[in-house]
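These are the structures, in structure tokens.
There are two complexes below, and they share chain A, which is joined by chain B in the first and by chain C in the second.
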Partner chain A sequence: MRKLVLDIQNLTTRFESAEGIANALDSLSLEIYEGEVVGLVGESGSGKSMTGYSIMGLVEHPGSIVGGSIHYRGQDLRLLGPEQIRSLRGDRIAMIFQDPMMSLNPVLRVDTQLVETLKAHRSIQKKEALQRAIELLQAMGIPSPEIRLRQYPHELSGGMRQRIAIAIALLLEPDLIIADEPTTALDVTIQAQIIHEFQTLIEDRGTSVLWITHDLAVASTMADRLAIMYAGQIVEQGPAEDILARPMHPYTQGLLRSIPSRNIRGKPLQQIPGSAPSLTRLPSGCAFAPRCDQATPLCELTPPLKQITAIRSARCHHPREIDA
Partner chain B sequence: MTGFIIRRLIQSGGVILTMTVVVFLGVYAIGNPVDILIPDDATAAERDLAIQSLGLDKPLLTQYTTFLSNLLRGDLGTSFVYNIPSIDLILLRLPATLELAFCALFIAIVIGLPLGLLCGLRPGSRLDKTVMGASIIGFSIPNFWQGLMLIMLFSVMLGWLPSTGRGELGTVFGIETSLATWDGLRHLLLPAINLSLYKLSLMIRLTRSGVREVMYLDYVRFARAKGLSEVRIVMVHIMKVVLVPIITVVGMEFGSLIAFATVTETIFAWPGMGKLIIDSIMRLDRPVIAGYLVVIVLLFVLINLLVDIAYSLLDPRIRLGGEPNDR
Partner chain C sequence: MTDSILEAVQISRTFTAQEDFTGKIVRSVLRQPKPRSLQALCDVSLTLKTGEVLGVVGESGCGKSTLGRILAGILPASAGHLRFCGQPIFDMDSITRAQTFLKIQMIFQDPMSSLNPRKRVADLISEAPTVHGLISPHEQASFVNDALIRVGLDPNSHSRFPHQFSGGQRQRINIARALAVNPEILICDESVAALDVSIQAQILNVFMQLKAEGNLSFIFISHDLGVVEHLCDRVAILYLGRIVEIGTVETLFKAPKHPYTQALLQEIPRIGTGKRRFNPIRGEIPSPLSPPSGCAFHPRCPHATTQCVRQMPGLREVGQEHLAACHLVHGTVSHLPTELSK
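This part shows the complex of A and B:
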């Protein structure tokens, strides 16, 4: 029996502004087991990144977590004090951000940014910390890491910077890494290299990963399990290959149809009609219903999360298995 | 780096040369000092003699080349009024002005930076609103009126602090300064506050907006995600970035502190360069006016050069120049 690393139940993160109340996360439940890679897939604004920030305790004003629980190895993170949360961050749960051009501090040298992370969690000599940093940079495919360490972020390419950010996340061998679209901003070739190096490192260490992406293709190469997000909710969840082969939620079906490589040459690319709804003006009932070609009057009621098989669930009144 | 400094030095030379032309024309083409220097009942012969001895009878261009060649030898002419070299007169008064300017800058930084930081970290808080409101007042009140109010409150009504003069001087490391004696400090406090209030407001606003801008950036969030302490995030990750523009402004403003000390020195009868220049303008003491302007411009140029160097030391993106090598 695999152990749970992270257990999120009914998590609701809310933003209150002049335009109204927006639930960036709307009673979201998600489990991540040891050594598992979970792909969290959705459009921009669906709440993927907010899921990561909520876990890390990095939701900023005017947002706040208003309900639910986040258990890390049986410990409710929402009940921890700021200092306890800080000591977990970067040590047991690490995060990588989307834009490598922005995630390293421009006025601090690379070695400073690596060593400070180790020093924040362990009493360690600088020399030892540097040695550790060099090993990891090498493992992330960075040539002559000793030279890179003495450079500033602006002297390095985007791919190099993201490798360093990933190395920082891996420094303390965390149990869980939240990777928020870490390869989106990179060239496809660099993206493939980094994914490969990252995969090797987490497999060796048995690290769990929450891989946040809008790209189903990337998610399918990485993830054991997929969770599809729409308007702050997880609308479908299950093993990656099952979902890709037989999506049940109309939204997932739409996403899969709109991947160019899956379409037939010469035919127009299929898209999901309309655009993602504003979180302050969500339709009542199923949030996807206005864009759904299978909607019925029943969809004006909020759909329950249906457990379809032991390992698959969908938040839809009419889940249907369709061969994609 | 060396090339950068050499380039800046050459530019500075150009600035100084241009300045001498402006100063010479501005000062030597306006007014006639002879009218003031000699008594009304002087004879025409006495008058001509005075004009001749001051070199005012020569063509303008000759006067300028004389001025320039004297300047290169460090000779800014002899004061018509005090009859000693004007450069000596200015350098005699310079320490008092520098002392005042440094103290004002010190107050602005020591109070302004932390206040701006606190306000930036807690926007919309009661502290933030109070300090922001106060800084608008600091910005808007005219310097001279604010000085008079300070004198009225602290010297006249409360009687806590003296209103004029520099007080007793002490010697520290061979430098005479008011900072060394209690009496000197008491004399220094009011003028220093008067001179600093505007810069203090500027410093608060600058720091606050810098912090507000940087604190929501991804690298600060990433620093939090790394589990760094709040102190390290604020003092290193935020402040080091915020300090870059602040250093520049501090440098520029220090020059203007020296120049604007004129008003403060006049109000508080502070025996610095500013008071000297006002007195000299009243008496049309040309060599002193010209000398003062030369010294001020030299100080400005020097400060800007130092700022550029400090700036490049702080921000590695400027130091190395050139384009970032992407990918």
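This part shows the complex of A and C:
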């Protein structure tokens, strides 16, 4: 039996503003097992980044987690005090952001930042810490790491910065890495290099990863399982290959059909009509119903999360397997 | 030639840091070297045929946006010339040149920053054709109505402001505005890159519909090979300011000749390959401030030889309508795999 690393149940994160109440996350349930890569895919505003922030305890006013639970190896993260969370964060659970400057301090040299991270969580000599940092930078594909260590982030290219941010996340050998669109801002050849090095490192260490992305193609090359998000909810979840070959939720089906691919070259793409609803003015019932070509009067009621097989679930009244 | 609508001949563009008067004095007193210049584009020649969609692909810093701006007349070229329907544009008097560039319109990546937030949609769309005398003021209302319908927007939204629209709708407004002056060429610079997948499909469909109407030719600048393969007829691959390969989408995607194109095609994540490992090429894109000697791609190329380090390869024919700039595909023996293993 594989062990559960992260167990999220019915998590609801809410933002209250003058425009109204918005559930950025709406009873979201997601499990991540040891050594597993879960791809969390959604369009802008679907709540995929907020899932990462909620796990890391980084939700700020006016937002707050109002319901549900997040268990990390049996420990309820919502019940931990700020000190306990801080010792877990960066050490056992690390996060990588789209913009590496979110995790890098612009006025500190790279070596300071790497050594600081190690010393904050471990009693370790500076020399030894530097050695570990050099090894890791090398593994991340950084040529002449000794020189890079003495530079400031602004002296490095975007790809180099992201490699260093990833190295900092991996430094303490965390159990779980939350990667929020880490390759979105990079060029294709650099993206391929970074994914390659990241995959090698997490496979060697058996690290679990929540890979957050808007790009189904990137997710499909990385993930064992996929979770598709729409308007704060996971609408479909299951093994990556199954979902891509036979999507069940009409939103997943629409997403897959709107991606240009070789066999429909030059033909009109099947588009999902309309655009994503505002979270403060969600339609009652199924949030996707107004854009769905398979909607029926039943869809005015909130669809339950249906467990369709042991490993697949969908939040839809009429889930149908369709060959993509 | 009658079938080419726009022709770029050996276009080059160099950027040099502007120096003010005090800067010049400080430099001469301190005997510092002159500011380095950056060659953003070098000897780029291409032909846009009437009615076709020509894709321009490359990674950041390769000069694809600079090329788009030069072709649209927003940015002057440092060398080379442009021909519109056979007429050299840079030799025209300023009035004729302005009228010619009116036929070439551009659509940018960020739909919000290219719309004036304080103007209503009707004014955004009708301003240019009114100024250029294409429509009279009393025709404005019906003109805007037709323009909005053409790009799939609700004609009743004509008095709204840009912030009241979603990202995809704003890009439709940009397209409507570009079309308002009856252009013959649209230059789309990453026009779908900022949009979500489902919205991107909607905008691509608008472009396909315009292409099917048959009155427009397109230059489609993108980093997204999937989108380019879907929409374009021919594609030019740019690396560090030069075209390294150009050909029809069918031949170039099936049998890329240049090692850079091969690497690009191997490294795009695609759905249907399943979980996989990448086999990336080494190194980063070199800085255009200090380009490598010889072939600009040689430091990253898995097949590079000593000739590649010394000598810059020229663009030469490697097949029908297919050109590549690589020593290895022109030598007596081709060292490169011709087909990509799928």
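FYI, the second predicted complex is superposed on the first by the 319 of 324 C-alpha atoms of A that agree within 3 Å, B and C clash if a C-alpha of one lies under 4 Å from a C-alpha of the other, contacts with A are read in each partner's own complex, and residues count from 1 in each chain.
We take it that contacts are C-beta pairs under 8 Å (C-beta built on N, C-alpha and C of every residue); 3 or more make two chains touch, one makes a residue touch a chain.
Quick caveat: nothing in here was measured; it's all calculated off a predicted structure.
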item	value
First (chain B), second (chain C), both or neither touched by A:Leu301	neither
First, second, both or neither for A:Ala120, with chain B first and chain C second	first
First (chain B), second (chain C), both or neither touched by A:Ile311	neither
Partner, of chain C and chain B, that touches more residues belonging to chain A	C
First (chain B), second (chain C), both or neither touched by A:Asp215	second
Partner chain(s) touched by A:Ser157 [first = chain B, second = chain C, both, neither]	both
Touching partner for A:Ile21 - first (chain B), second (chain C), both, neither	neither
Contacts of A:Ala192 with chain B and chain C, given as first, second, both or neither	second
Shared chain A contacts, counted only where both chain B and chain C touch the same residue	157, 159, 187, 190
Residues on chain A engaged by chain C in the complex (per definition of touch)	43-44, 157, 159-160, 187-193, 195-196, 199, 214-218, 220-224, 240-241, 244, 254-262, 264-266, 268-272, 275-276
Interfacial residue positions of chain C with respect to chain A in the complex	59-60, 166-169, 196-202, 204-205, 208-209, 223, 225-227, 229-231, 249, 263-264, 267-282, 284-285, 300
Touching residues (chain side chain A, partner chain B) in the complex	56, 58, 60, 86-91, 94-95, 97, 99, 102-109, 116-117, 120-121, 152, 154-155, 157-159, 165, 168, 187, 190
Footprint of chain A on chain B - complex, ascending	216-219, 221-230, 232, 236-237, 240-241, 244, 314-317, 320, 324-327
